[in-house]
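One chain, chain A, appears in both complexes that follow, with chain B as partner in the first and chain C in the second.
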Partner chain A sequence: MVKRAVLILAVAVLLVAGLAPVAAMFVRSLDVDGQFSLANYESLLVSGRQWTLLANSLALASLTTILALAIGVPLGVLLGRTDLPLRRALAVLFTVPLLVPPYIIAVSWFDVLGPQGFLSQISAVAAEHAAAWLFGLWGNVLVLTSVFTPVVMLLTMVYLKTVNPRLEEAGKLAAGWCRVLWGITLPLVWPGILLAAVLVFLLAFGELGVPMFLRFSVFPVESFTQFTAFYNFGAATAAAAPMAGVTLLVFALERALVHQGTVHIRFAPQGDAASVIRLGRYRRPLGLAAIALCFLMVAAPLVALVARSMSVGAYAEAFAKAGDSLVRSIEYAALGASLLAILGFLLGYMIQDRALKGWPTVDWLTIFLFALPGSVIGIGLISLWNRPATNFVYGSFLIILLGYVAQYAGVTSRITAAILGEIPPSMEEAAQLAGARWPRRVLLITAPIARRGLVGAWLGGYIFCLRDVGISIMVYPPGQDTLPVRILTRMANGTPELIAALCVVMVLCALVPLAVLGLLLKWRGTAR
Partner chain B sequence: MNAVALDSVSKSLGGKPVVRDFTLAVPPGERLAILGPSGCGKTTVLRLLAGLLAPDGGSIEISGQLVAQDGRNLVEPEDRGVGMVFQDLALWPHLSVRGNLEFGLKAKGVRRSERQSRMARMLDLVHLTDYAAARPAELSGGQQQRAALARALVTQPKVILMDEPLSSQDRELRLELRTEITRLQELIGFTLIYVTHDLDEAFHIAARVVLMRNGAIEADGTADETRRHLTSTSPSWLP
Partner chain C sequence: MKRLLAIMVGTLAGLVFAGCSSQPSAEEVVVYVSEDQVFSEPILKDFEAATGIHVKAVYDTEEAKSTGAMNRLIAEKDNPQADVYWANEPIRAEVLKQKGIAAPCASPNAAGIPDQFKDPQGCWTGFSARARVLVVGKNVKAPPSSILDYTDPRWKGRGVIANPLFGTTTSQVAALFTLWGDEKAKDFMVRMKANGTELSTSNGESADLVAAGNFDFSLVDSDDVVNRMKQGRPVAMIYPDQRGDEVGCMIVPNAVVLIKGAPHPASAKRLIDFLLSKETERKLAFAECAQIPLHAGVETPPEVKPIEGLKTMRINYAEVARKMQDIQPFLKEWAGL
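And then the complex of A and B:
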């Protein structure tokens, strides 16, 4: 009874935080001067500019997805299954761009290819061409590919761990690794690769910060501009609706292709040494190629960013002008991560245990909300909460936390569900037969056994809340902006050195907790 | 009054009948083995008794109390007074042996001094006194088995269910542990329902053996009677 009540409460929180705002936004888009009207959508359909925006958005998302798949899948196989040198360090480095707000990677590339970038010190003509290129479709694709390739790489690595090594070993008796990978392994991890493609497509489709910085016209920027510059709520919601529609459509397509109700990750039994692919004479050249790619995609832009920021004055100014935002960002991210860890645990538990009848819908909803552009959720939150009676929510940081919960519950619930799937049901059953009621079983048995996963979920939540731009920029109450929002709004009048310093601080905020956790785990491992 | 009584119990899983019209009465203090091939429904019977599954039909009584009837559990597993040793043992990896034993006692609100004395006695009975502070991963297979047994017994349940608990052990250890289980049952006097597909194990541990096939009882009698039945019918699943 208690179990059911708690899980229903968790679902209710998700519905209030996530589904209700999207529904409110849709209703609001049909309301013109208090009357039901499709005028907002009519103007959307007849406007040539909207079709250009749609074409730009689709082109950006499609090209990013194709490139991210082309790089991410081989990288995932190389780093996840082979004896490539430095594979762990490379996996961490390739993941860095995903951990920071995407526009920081755009700023980093600007410091390499921009008019005053490092390329200009080598060749002014080349830099001029590169800058023009950066501020177009392909520049946006370059930045978003660096940011979202880790999604493909990581999901490929995770799904490779779900393949039973015996299946590959059976193939190895008849063929070489290339044929086994192509004919057996990759078809088995196909749902993971498709999920990665869907996520990359939708994340690129909904990305606001990068196209805004690189001045590329896409739907999220249009929706944001209509809302902030013209305060045309109807046009903003109508521009947001196609984004929600595309998200729904792409997910429906993915489900139709994969024919499975949910994303289940079950790790296979550990394989023996034979299941590691020995690269032999290709080990060194492939290692060098991976290092070169890492330098090009990750290290070069970040080094340029750090180099640009290298002055005491820039950092002093950064802390003076954005110190309050920095503290707020960390506070909100920590609070959001804690809420998300709890909610994600309960939702993950419900999904894993199939404890409520509607678990597949809830599971799907969390992923849908994660893939939905942040600006859409932001507009939805405003539609729902911007009323005198609920101003205590709308006018405080609670509105940001609601947005975090709505968008990132899918991250923590997925991590938790995967970890809980690794715990035999008999653990909790034994506790039940020992006389423990559900809260005691969950708090003293299940949660402690899943503690590593819970820490991972908290960190995942922290990183995503910290790097959030789409929701925060739409809903932050006056004087309560976060660091990513402050940096974005400072770009118009801040010096490149100041912006670079702020970006470096942002990167450190994301990476330091991960580094500390990594060291702690390593230390604990050594101590044992 | 029977320790356990199942009356016309049925259960389907995934639309397939797993237990059919299962009727069984077990008097207090009896050692009963349920024997049968894989997939015959033995484990499902245990899970129905424990309350981890609800029967589709029929009724279940434990120590005279009606715990399940007409497709639903009337008493939750934690309130049935049943202990269980799982096939995978299900020792909680984050707790020491002492922690594993103490968990159930705390959940049942047993006072601290009583907890200490019960745990000390139980650890002594299973020869694990020196390993009280060890985590399950630090124990040998036999020690883990004893720890799981001690955990099931420490809350003093009237009925102990064992679901092929020795299946993952080597032959020598199995022989040693089944003697140990018999010794403990004689010493404490709990009712034991032991599920296995191993003939030797069933006949060694139990005074009464129930033979199951396709979700129903095929034979029920003393160990000797069931052995004779098996010899006369020679089912194909026998080695």
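And then the complex of A and C:
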């Protein structure tokens, strides 16, 4: 009874924070000049341009997903299971682009390949071709691939830990590592790779900042244009409708492929450490290849960014002009991540345990909200919460937290659902037989066992909240902007050195909690 | 686990306390700003220092296509949070007036500003303007001097213009529609496109493309050119259409709006007076944005031409705002969006 009530409460929070604003926008989109009308949706079907947008969006998301998988899975294996030199440092470096708003990575690439970029100092002709290329489909694919490959890499690394080493050892009796990886390991981590593919596809499909900066017409840009050029909230909501269709298709495809509705991780039994793959004579060449790839995908744009920020006083000016935003960003992200970790735990529990009837709908809803443009959720939140009675929410940082919960619940619920799949149901069942009630079972058994997953969910939530622009720019209370918003508003006519310094601070901001966590884990390991 | 929970709860409580602990000021004003933060923030800080009124701002930029401020003002219409809107062009202020979001406000400092740059009902007042000018490459011989040069075969493929769906380029095109009539203006746009004019994402990018030598000229805002000139880029600024029978140069003033139902009306009026003062116009003239004062007799740097020395386009901003909405389908088709 308590379990059901708590899970229903969690679903209610999601409905209030996420579904209600979107529903408010949907209702508004059916109102044209005070009359019920489907005109906003009809224009989607009759305009040939919509098909072009759909083709562009699908091409961008598909190519990004394919490339991210092609690079991320081998990287995940190399960094997660082999004796590759510098693998820990490389894993951190490859993760950096995921930690910052994608438009910052686009700006970094512009600093390298743009008309006044570093390449232009080497060859003006090459720079001209590179700039033209950057402002097209493949330029967008390049930027988004460098941003989202870490999703695939990290999930591959995590899921590799779930493979029972005894199976691989048995395989090795009859074959080499290559065949074992191909025939045993990769099929076992397939759900993780599929989850990564779904996330990358949806993130690329819903991305606004990069295609807008690099002038590539996709659905999120169209929805944004409806807001900005026409102030037409109804048409903007309608322009986001294809997102619902695509997320539904992707969700159905994922469920059909995994067969089980959600992904299960079974960590290797305690004490059975997975054996490290010795690369032998390939160790050095593969290490060099990984370093070269890291330089091309991550280091080149970041070095360009850091180099540009290296001017006298740029960092002092950055802290003077955006120090308050920096502190707020960390506070809001930490609060948002904590809320998301709790909500994600409960929703993940419900999805994993199939505890309520409508769990597939809730699962889809979180993914759908994750893929929606922030502007749609933002305007929906304003429509719903900007009332005298709820000014205490709308006029404070609580409105930003609601936005975070709406958009990113899918991240923490999916991570938690996957981690909870690791825990055998028999543990809770045994406690139940001993007379422990559900809250005690969850607090004293399930949550402690899943604590690493919960920390992972918190970190995932923190990073997504920290880098958020779409929601924050629409609803932040006056005088309480976040650092990504401050960077965006200072980009117009701000000095390139200051902008670069702010971007570097943003990267550091995202890395600090990861570094602290790493040190804590190391310290606890040493203490034991 | 209990310890972990205690740490989490403690951290949350601390953060909530930190988030809530900012003391509300006795006097404050909430302003939504579409002028670039780089230029507007120092002015608002000066206002705080001069009056002791705490300013809470929501900034927005032309580069971000002003999505935040305008959309928020429209969405918040029934329960306004803002007191003042500092628009970077009067068209946005006009849209607010037409949507019933702007309130009349008579500032004594508006007296010296020409009527052409004020709403007759006092719902918005212009100050410190940009001019729509041609940025041309320093090496271009006999450079263009009129916007009609976009259709001249001599400049085929050498001109670039910002996407007319956004910002001041939309206003300029709409202004031409009001001056010339639909038929002539559409013909101009079609011929401009046929003459190989390229589209850029923003005026800033247009200026960069000209500075890099990719194009010979572009129609942009005066601050975009002054900015590049101060960076030492090889560009020059030309005020277009200054001859007798030509349309003149379009002036794009900032505009300040009192929001209907503003929560802090007294502070809002003081801020409006401050923004419309000669001193603010002087500061914005000497700032990097190099804006043209609309009051007569305000000191300006050499690169800022006084408003009296320019042949300006005679337009009705309200009419331009209405026309802007009408021509959006045409512009969308023209831009291929």
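Everything below uses one rule, namely that the second predicted complex is superposed on the first by the 390 of 528 C-alpha atoms of A that agree within 3 Å, B and C clash if a C-alpha of one lies under 4 Å from a C-alpha of the other, contacts with A are read in each partner's own complex, and residues count from 1 in each chain.
The rule is simple: a contact is a pair of C-beta atoms (placed from the backbone, for glycine too) under 8 Å apart; a residue touches a chain by one contact, two chains touch by 3 or more.
Quantities reported herein were computed from a predicted structural model and do not represent experimental measurements.
Asks: Kindly classify A:444 by the partners it touches after superposition: chain B alone (first), chain C alone (second), both, or neither?
Replies: Both partners, chain B and chain C.
Asks: Does the superposition put A:122 against chain B (first), chain C (second), both, or neither?
Replies: A:122 sits against neither chain B nor chain C.
Asks: With both complexes overlaid on chain A, does A:312 touch chain B (first), chain C (second), both or neither?
Replies: A:312 sits against neither chain B nor chain C.
Asks: Which holds for A:256: it touches chain B only (first), chain C only (second), both, or neither?
Replies: Touch status of A:256: no partner.
Asks: With both structures fitted on chain A, tell me whether chain B or chain C touches more of chain A's residues.
Replies: So, of the two partners, C touches more residues of chain A.
Asks: Examine A:429 and indicate which partner it touches, taking first as chain B and second as chain C; both and neither are also allowed.
Replies: After superposing on A, A:429 lies in contact with chain B but is clear of chain C.
Asks: Contacts for A:490 in the overlay, against chain B (first) and chain C (second): which applies, first, second, both or neither?
Replies: A:490 sits against chain C, while chain B stays out of touch.
Asks: With the two structures laid over each other on chain A, which partner does A:174 touch: chain B (first), chain C (second), both, or neither?
Replies: neither
Asks: Regarding the shared-chain residue A:387, is it in contact with chain B (first), chain C (second), both, or neither?
Replies: In the superposed model, A:387 contacts chain C only, not chain B.
Asks: Common interface residues of chain A with chain B and chain C?
Replies: Residues common to the chain A contacts of chain C and of chain B are 444, 448, 451, listed in rising order.
Asks: Which bits of chain B are touching chain A when the two form their complex?
Replies: Interface residues on the chain B side: 50, 52, 76-80, 82-84, 86-88, 90, 92-94, 103-104, 107-108, 151-152, 155.
Asks: Can you list the residues on chain A that touch chain C in the complex?
Replies: 49, 115-116, 212-213, 215, 217, 222, 224-225, 227-231, 233, 331-332, 334-335, 338, 375, 379, 382-383, 386-388, 391, 394-397, 443-444, 447-448, 451, 473-474, 476-481, 488-494
Asks: Looking at the complex, which residues from chain A come into contact with chain B?
Replies: 424, 426-427, 429-437, 440, 444-445, 448-449, 451
Asks: Contact residues on chain C for chain A in the complex?
Replies: Touching chain A from chain C are residues 1, 4-5, 8, 11-12, 15-16, 18-20, 30-32, 36-39, 55-68, 70-72, 74-76, 78-79, 81-82, 95, 165-166, 170, 201, 204, 208-209, 212, 214, 223, 227, 288-289, 328, 337.
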